[in-house]
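Handing you a structure now.
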Amino acid sequence: MTKTESAKLFTPPDPSWRERCLASFAKQAMMRTLGVEVGSVGPGEVVLAFDRDDRLTQQHGFIHAGVLGTVLDSACGWAALSLMPVDHAVLTVEYKLNLLRPATGERFEGRGRVVKPGRTLTVAEGVLSATGEADRPLATMTATLMAVADRDIED
Amino acid sequence: MTKTESAKLFTPPDPSWRERCLASFAKQAMMRTLGVEVGSVGPGEVVLAFDRDDRLTQQHGFIHAGVLGTVLDSACGWAALSLMPVDHAVLTVEYKLNLLRPATGERFEGRGRVVKPGRTLTVAEGVLSATGEADRPLATMTATLMAVADRDIED
Amino acid sequence: MTKTESAKLFTPPDPSWRERCLASFAKQAMMRTLGVEVGSVGPGEVVLAFDRDDRLTQQHGFIHAGVLGTVLDSACGWAALSLMPVDHAVLTVEYKLNLLRPATGERFEGRGRVVKPGRTLTVAEGVLSATGEADRPLATMTATLMAVADRDIED
Amino acid sequence: MTKTESAKLFTPPDPSWRERCLASFAKQAMMRTLGVEVGSVGPGEVVLAFDRDDRLTQQHGFIHAGVLGTVLDSACGWAALSLMPVDHAVLTVEYKLNLLRPATGERFEGRGRVVKPGRTLTVAEGVLSATGEADRPLATMTATLMAVADRDIED
């Protein structure tokens, strides 16, 4: 359930929305660098998962806040992409991350959900928690993403 | 110059502030994972630098927003740490990142500066740009950090 | 329902939590200036309501974003206050407001909910919508609030 | 000086930029409700000023955070408007406000400056302080604003 208190059912305008999200994920090197996997891809909602790894820690041994931000930004981005028309990509405009608890655990899930789709701007929310502890979020995000025609992005 | 329109001269309460920041950096595995180096460490101001690396990119070949967030969060964190009393660490409470332009370039610098130090909370700002293009920022951050007594952090 | 996907049941440590919130509301002049009324006060959740008024508009006749921010900040603040121990107040550390749609309507409700209570910091979320249109939010907020002992606030 | 460390000289595309900003201010009822006056209007930079008034306070007698947010949002909005092409308005997409100190004082100035103008999105920063205490900011803001063709806004 999102802040809106009701399940949102979005209808992606591109029938190949799922393939497009998965292809985009496959192209994002940073996900491999962090060891992130796709958990699920739905219309306006994407879950990513990753294991604890010493390489991702800050000086106290917690997962670095920036890793949580990277995973949630990506989950929010693909959640937005799933609702884009054909031949459009999304770029992140801005995001805000709140760290609610030190990020301890062995495996983590980051969920991104579209709160408000739009022709130009999409607002999404993200929640990250240790797997199996969805009621004890470690971090939350609000992200704004902009639709960009594929032809306007240098690839 | 920060939002405050005047150079701030902060006096770190811990005479070993510089060593402490460098020791903390040396302990943060995530910096090595991203290939980040220390550019400079001053009282309330830290610069980090890193090279473009395909491993850090998103699906269009730009540096991932999450990498910019990680570097600026770390720069803001050590800027705050430089002003902490002995036996205190800092944890990030929240941050907001604005992406101003697609992150293209060969080398990047992220600068974190304390805007308002405090006994409990410190507010810092970050700016990231390609090296040599400080007047063309790629991303800006505002971060809130909390002082925590070392004994209160499980290590 | 909050981002955490489960109803949170909070137990206020101060048995007079409701009276304290209402007394604090009665002391806040800005609520009267905007014509805001209390809708409901629960443990960790506060609803405020107000009518459209030309005095509160921006240049296009929409309710000013700053009014939405003021109401949600207050709702989040009292939601946090409801969970504070005796003799503690809360001050807003920071908040982020997303404007999802132009604020049109005749009456509005702003709801603040605690996502993560804490001894020092509390994180709350706010949603504002026209009355009867809870599934079509006009604005959302994430706010961080700090507990402060009453004796530490000049009154 | 902004985060970019260099003075920015913006050239407004609309030669009537100043008149347009002042006309927009004159149409914004909320500014009168709060007693806000224009301090200065420059290309990409606007200063607003207001006096302390009991009507604008929260429960401890400080100026309400929402008032600071309203004034800075407006200052950032007109700073963005000053750089818009003819026949375009701006709407706030989102903003983040940090409260650095309790807002005490007799008169206040809120300054909004464009950090990154854009065809679709503009990023601006705001700083609010008591008059004469520019080096002791009470609140800072980062705001994202969207250009909207006049014909697309119902007036």
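Letters A, B, C and D mark the chains as written, and numbering starts fresh at 1 in each.
Throughout what follows, a contact is a pair of C-beta atoms (placed from the backbone, for glycine too) under 8 Å apart; a residue touches a chain by one contact, two chains touch by 3 or more.
Note that this is a predicted model, so its numbers are computed, not measured.
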item: More contacts between chains, B-C or B-D; value: B-D
item: Greatest separation from chain B - chain, by CA centre; value: C
item: Centre-of-Cα separation between chain D and chain C, whole angstrom; value: 23
item: Centre distance in Å when chain B and chain C are each reduced to the mean of their C-alpha atoms; value: 31
item: Between chain D and chain B, distance of the C-alpha-averaged centres to the nearest whole Å; value: 27
item: Residues of chain C whose C-beta touches two or more other chains; value: 93-94, 96, 98, 142, 144
item: Chain-level touch network, classified as line, ring, star, complete or other; value: complete
item: Contact set on chain A toward chain D in their complex; value: 93-94, 96, 120-121, 142, 144, 146
item: Residues of chain D touching chain B in the complex; value: 1-6, 96, 98, 100-101, 115-116, 123, 125, 127, 134-137, 140, 142, 144
item: Chain A - residues contacting chain B, complex; value: 24-25, 27-30, 32-33, 54-61, 64-67, 69-71, 73-74, 89, 91-99, 102, 153-155
